[in-house]
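Report on the structure given below.
Chain IDs A, B, C and D follow the sequence of writing; residue 1 opens each chain.
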């Protein structure tokens, strides 16, 4: 259960992406399978022969066979891309069999990503260990020497789920008529801008069609991480032009668009276009490239996605994926229902937080499922972020003082926290980059990690907090009380906040815990009213996703108004100083960096500043996310990383999950 | 009678208008709005909303206008177009959302209600006739227990017991395979199976109250001279019981029926959340939580209307049931 | 002669030992007490409630541990057996518990507890423990029961933070038993004043008040709770939070009492003696104080008693929805909210024990209310 | 006084040693303690006494409609002429059984003091009158209604068709009592028990109702047991009268005899407290001092002892008083008329 072992599978997270990477897909996947021999070894060898036997006969699902023979669906060869362009998905354990449903719980359309991530098909996706990207919807790509020109090849004969061919026009359409016009409510992603290292000038890329199956993205300045950023920011760089032409105001006119929106039940075109353009996988009318496509209204009690007959991936045997016929998401109203449903076998593959570990493990046999822990790239599971720009001047001075942070760190017994809060699963360590990720620093996990209340009190005295009130709480020199108010939006952390309060108050620091709902918390963050937060940092690589470690926006508590300053270009907020300013400098350099090495070393510098300052104090190490799969559900990989960047469960390539008979 | 009804309805109008104002105000009361809720929810999934994004969204949804303006627009649309607004959360007109849940809500409510009345009335009569018997103590005790146990806990415990004993926690109202299936005998049976826990949980507490009222009323009525008169006429005890005390004791119970109107249309919210019942209660709760204001507002308004209507129905029922009031109306 | 009604507790009027001819204020109360004494269940309930309230008052003293006695060694420990006979079959006068040893199942990470018969800790009275203020005033560290350090005694097991459930239930009763009282108290005053004004003066004041009550009652309580608890400003201490919750309860509850008061006022003010007093030129205040309130107070006591269980349950419901008091402050609602997690029901069923105390309290209040009602109103049920 | 019919001397109902005990929280109350009397066909027996003396309980015990808390013992023998005088032991019948129910309402009917509460407010007068008719006389609703309308007209209610469909609250008090009488008589009972039939009515209405009862008695030839506290009504209506005090009949005699020659101190007191037409208006009405004791765990003694002006200390408060026959049809229960030694000699109350 110790994080180190699992994260050790990261050899180097950011592999160098060179022009040599533009090999074709078959080769790429072959490499991929070689890279993960461990998984095949770990495979349960139950009835492989049987599934093999049933597997060899048919290359497509029985439900499609009957449609083909009825003449309502073209034969398989016509539905798949041309033979060399078919994507062969590496199979985790064994060749599967067709049929069955993936049953899961979701909380309704608001939980769109619960079905969105596992079914997502990105142009480029992260490879299985997260060390780099690999082509997915794209067949292959070439990039020039200084990373300014990316030529991307698509798959010939590939089709949308309604049978219409998928071509470079769909990419161009998305770029020209949707993304750059911001029709679906998102700004043009940062990935499409390149930055001049000297002047800091930002330039938008150009996208041009080369032929039906090739397009080119040209940046003004080098953009080394372009493909990774696209894989994170803009997973899908395409849209079904034939569909969107029928609804976009640009093509049908405002009035008609509104009319169509109303027909769909929407009130206005803005939200209509946002939903259809961005959250398209929830709508049965919209063709997608996903293994399963929406079948009914997501607002119902059960959302059904059914296999895409034109899905463009096969297994190693040439059997068209996905194996399972349907993905059925049942609406739940309370998290306990996911647990109870899983125990009862109602849901055959769901994910849980580590807090449910014991109850799940205890019921593994009875419920006929297995618990597969996926490691998270989190710095900690229990920790505190002190708002460096907190409104109260006394507090701000205090929070910015490194001695205060050290006092708060050593004044808490991490073993107790790890035992009680994480049920002994996490290590009692400092918030730090887990081993195996970019920026890992040896010994950081132990920095200020030993429980030493005397040192903590000495530090606090040293800070001048020697006055005490009648309850023995410390006071500022001016007699005002020192109170840390921790804001949180969930009751799930009650155990931790209770303990934290106890330890802090033992040091004489009065501590309040205020639970507000998420929206309020968000509002409070924007208005700089969150003095402290127990949010955790979980990020694979600061260069991919800087916003929690680099003050670029507002929502991360530790940097508070620094982020506002940066995001408003200095109009509002607090001007970053000292090490925070340095982080921003490094970030600017990353944006304009020419090589991956350069980016990695700059990223490491940013992380080192975090280590030095420990703005984010951690009291317990990361815990895994638990993937709980029915024992019937096969091909669910182990030793994976659970990260939003890797699309969480999507990293397991659910199209090749199957149900044993 | 008609005049009275009209007068009552007329009196209700200002109340409802006033309520609609308060409703709107109350929805606005918690900090944040739908957009910030939405942004917060999406940020959990890794989607980031900047303040500009949120401002743009607010402008789209008309949430950037002053509250009273939003209110006036809302009311204008209701009055002029019969349009109750739009549910941001469902991306559907409010009425469509309400309709979606109405069928099952009514099913659950009416079944639990039928259970309550069918159980409580005979048991109440029994407990009154056999006052202080073992049966009286048993039923009174049971109903008190049902009333004293918090619903949510009872529901969870029953669900868990159902899981440990039968391997099925009976979540929701249908098994997965029947949720979207067409109605059939099997589906109905499945529904019946899933109704057991909600009926027990919601029904038990309501039954407790009803039994108490019925028992008390019956005890009153059983002591009335008209029972003695009936007995002196030579009527059998059963006939006496049914014709005189029961009929009279039912009066207050039937006439308070109107008060249950709101609960019929919402269902029990907390129990429904715990048991994952697809009925109005939780939908509205989430609308309130997520500040899906037109949905929440319409619903609250609807509830207020139902309460006013329920009072009216109660009064009319009372008049209709009580010959004395009835003849007074006939006279005027 | 009136038809005799000799059912149940009721006795024929003419057999009443205290003649009804001179019903005065005090004899009405005496009658009530007499009748109440006859109601066995109500008497038992009163005793149980008295016990509960005494326990709540002395909770810090009775509880072996405080609310902040976290201990990672004893997380989710089951209730301990209080023993008299040790492993060797030897009988001890003083009950004792064995030392609790915990290990973790390496596979499921569940804490496994075993008692160590080698080490006995005898139950002691008046032991020194954590410091607290007796009755909120006198600082002391004596607890009624306990075992010697480093032994632990968990009569009802522990929670997920290793805190003694027995202590938490006791200490939680302070909130759970007082919120309803204070809440009802406030709504009692509000209801009495507003309902009284409405009923006594009538006219336009009555209409306005009735409309307001109607409007408040028209609201589903849930959104009202939500809105009101959302209106509670952030970063307030638990005590204030608690106070606000009381106010919320009272705000919803007073309308019911106001209705009762109004109804009674209307019926009483037309009584001959009140009319007579009015004609005689007695002032309104005096009429209300001398003639109306005495006739009303017993009804109010009953209505109030019967309103309390509803508030106790409401408090648990609020905690369930996350609108109530939060740990480390403890109420029964908080405990039940913890208990309702599937994990706890499945693995640590002793966490449901607080449910029993809630049920007992609600039942006893109901029985007490019934008894009081019968006593206050013997001729009408 | 009513005209004696040919079969007037035939006994219709005989009550012997009727005792009613009621269990209370604080003991057992001896509400009726050894009552004996007899009613002959066509005769009117008055049962008089103050509130709580047990007269109502006694009257209701005859048809077994007292609440089940009342423990009733003794013999009640009913000899219905329509069954050719075959005696039926009413107390031995199942109180809810078919046999007693066939007698209730049919052979023995009853009217009550409060016609308002005795009728259910929920049903029309017609409905409630027809109920007994449908039960005892005919199953045909039309016919039943006809009978009911007839009865209504007999009791002097005009516009019966309309009245039939009205509710009790739409009737005036007198009308309601008329309706009650029509309901009681609708099945031609042989005995009518009238429990304070006029107490709740205005004086003028009282007279009308009493007159009506007399007329109807003549027409139907039934016997009446008239329970009242009003000696005036007794004087007007009854052939014979029994005075009850504290669960016992203290004196029983034909009306003329009793009024002319009251023996028991209580009877005397009662008579004195009665205003007389043409009497001396300046004379204050006498009242009986003191109040009725509660008959719970009473020692054997005269119940009237405390209030009696002529009490014999050491006798009246030491032993139970036997009934003494002082004339052929006059019995009295007082030591003034019997020797204490005769205490145990039983005397039949009937002549």
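Going forward, a residue touches a chain if its C-beta (ideal position, glycine included) is under 8 Å from a C-beta of that chain, and two chains touch if they have at least 3 such contacts.
This structure is a prediction, so every number in the text was calculated from the model and none was measured.
Undergrad: Count the C-beta pairs in contact for A-C and for A-B, then report the pair with the higher count.
TA: A-B
Undergrad: Quick check for you: compute each chain's CA centroid and the global CA centroid, then name the chain with the smallest gap between them.
TA: Central by C-alpha mean position: chain B.
Undergrad: CA centre of chain A versus CA centre of chain C: separation in Å?
TA: One centre to the other, that is 48 Å.
Undergrad: Centre to centre, by mean C-alpha position, how many angstrom separate chain A and chain D?
TA: Comparing mean C-alpha positions, chain D is 94 Å from chain A.
Undergrad: Roughly how far is chain A from chain B, going centre to centre by Cα mean, in whole Å?
TA: Centre-to-centre distance between chain A and chain B: 41 Å.
Undergrad: Rounded to the nearest whole Å, what is the centre-to-centre distance of chain B and chain C, using the mean of the C-alpha atoms as each centre?
TA: So the centre of chain B lies 27 Å away from the centre of chain C.
Undergrad: Which parts of chain A, given as residue numbers and ranges, touch two or more other chains?
TA: 336, 340, 343, 516, 520, 524
Undergrad: By residue number and range, which residues of chain D touch two or more other chains?
TA: Residues 112, 114 of chain D each touch two or more of the other chains.
Undergrad: Return the residues of chain C touching two or more other chains; collapse runs of consecutive numbers into ranges.
TA: 3, 5, 7, 340, 342, 346
Undergrad: Which stretch or stretches of chain A touch chain C in the complex?
TA: Within the complex, chain A touches chain C at residues 1, 336, 339-340, 343, 355-359, 361-363, 415-416, 419-420, 423-425, 485, 487, 491, 494-495, 498-499, 501-502, 512-516, 520, 524, 529.
Undergrad: Which of the residues in chain D end up touching chain B in this complex?
TA: 60, 63, 65, 96, 101-106, 109-110, 112, 114, 117-124, 131-132, 135-136, 167, 169-170, 183
Undergrad: Applying the document's contact rule, which stretches of chain A touch chain B when the two form their complex?
TA: The contact residues of chain A facing chain B are 103, 109-110, 112-113, 185, 187, 265-268, 270-271, 275, 296, 299-302, 304, 328, 330-334, 336-337, 340-341, 343-346, 489, 516-524, 526, 547, 553-555, 567, 644.
Undergrad: If we count contacts the way the header does, which residues on chain B are in touch with chain A in the complex?
TA: 30-33, 36-41, 43-48, 50-51, 53, 56-57, 60-61, 86, 88-93, 96-97, 100, 156, 159-160, 163, 167-169, 171-174, 176, 179-180, 272-274, 276, 278, 282, 286, 289-291
Undergrad: Can you tell me which positions in chain C touch chain A when the two form their complex?
TA: 68, 70, 72, 75, 104, 107-110, 160-162, 234-235, 237, 322, 326-328, 340-343, 346-347
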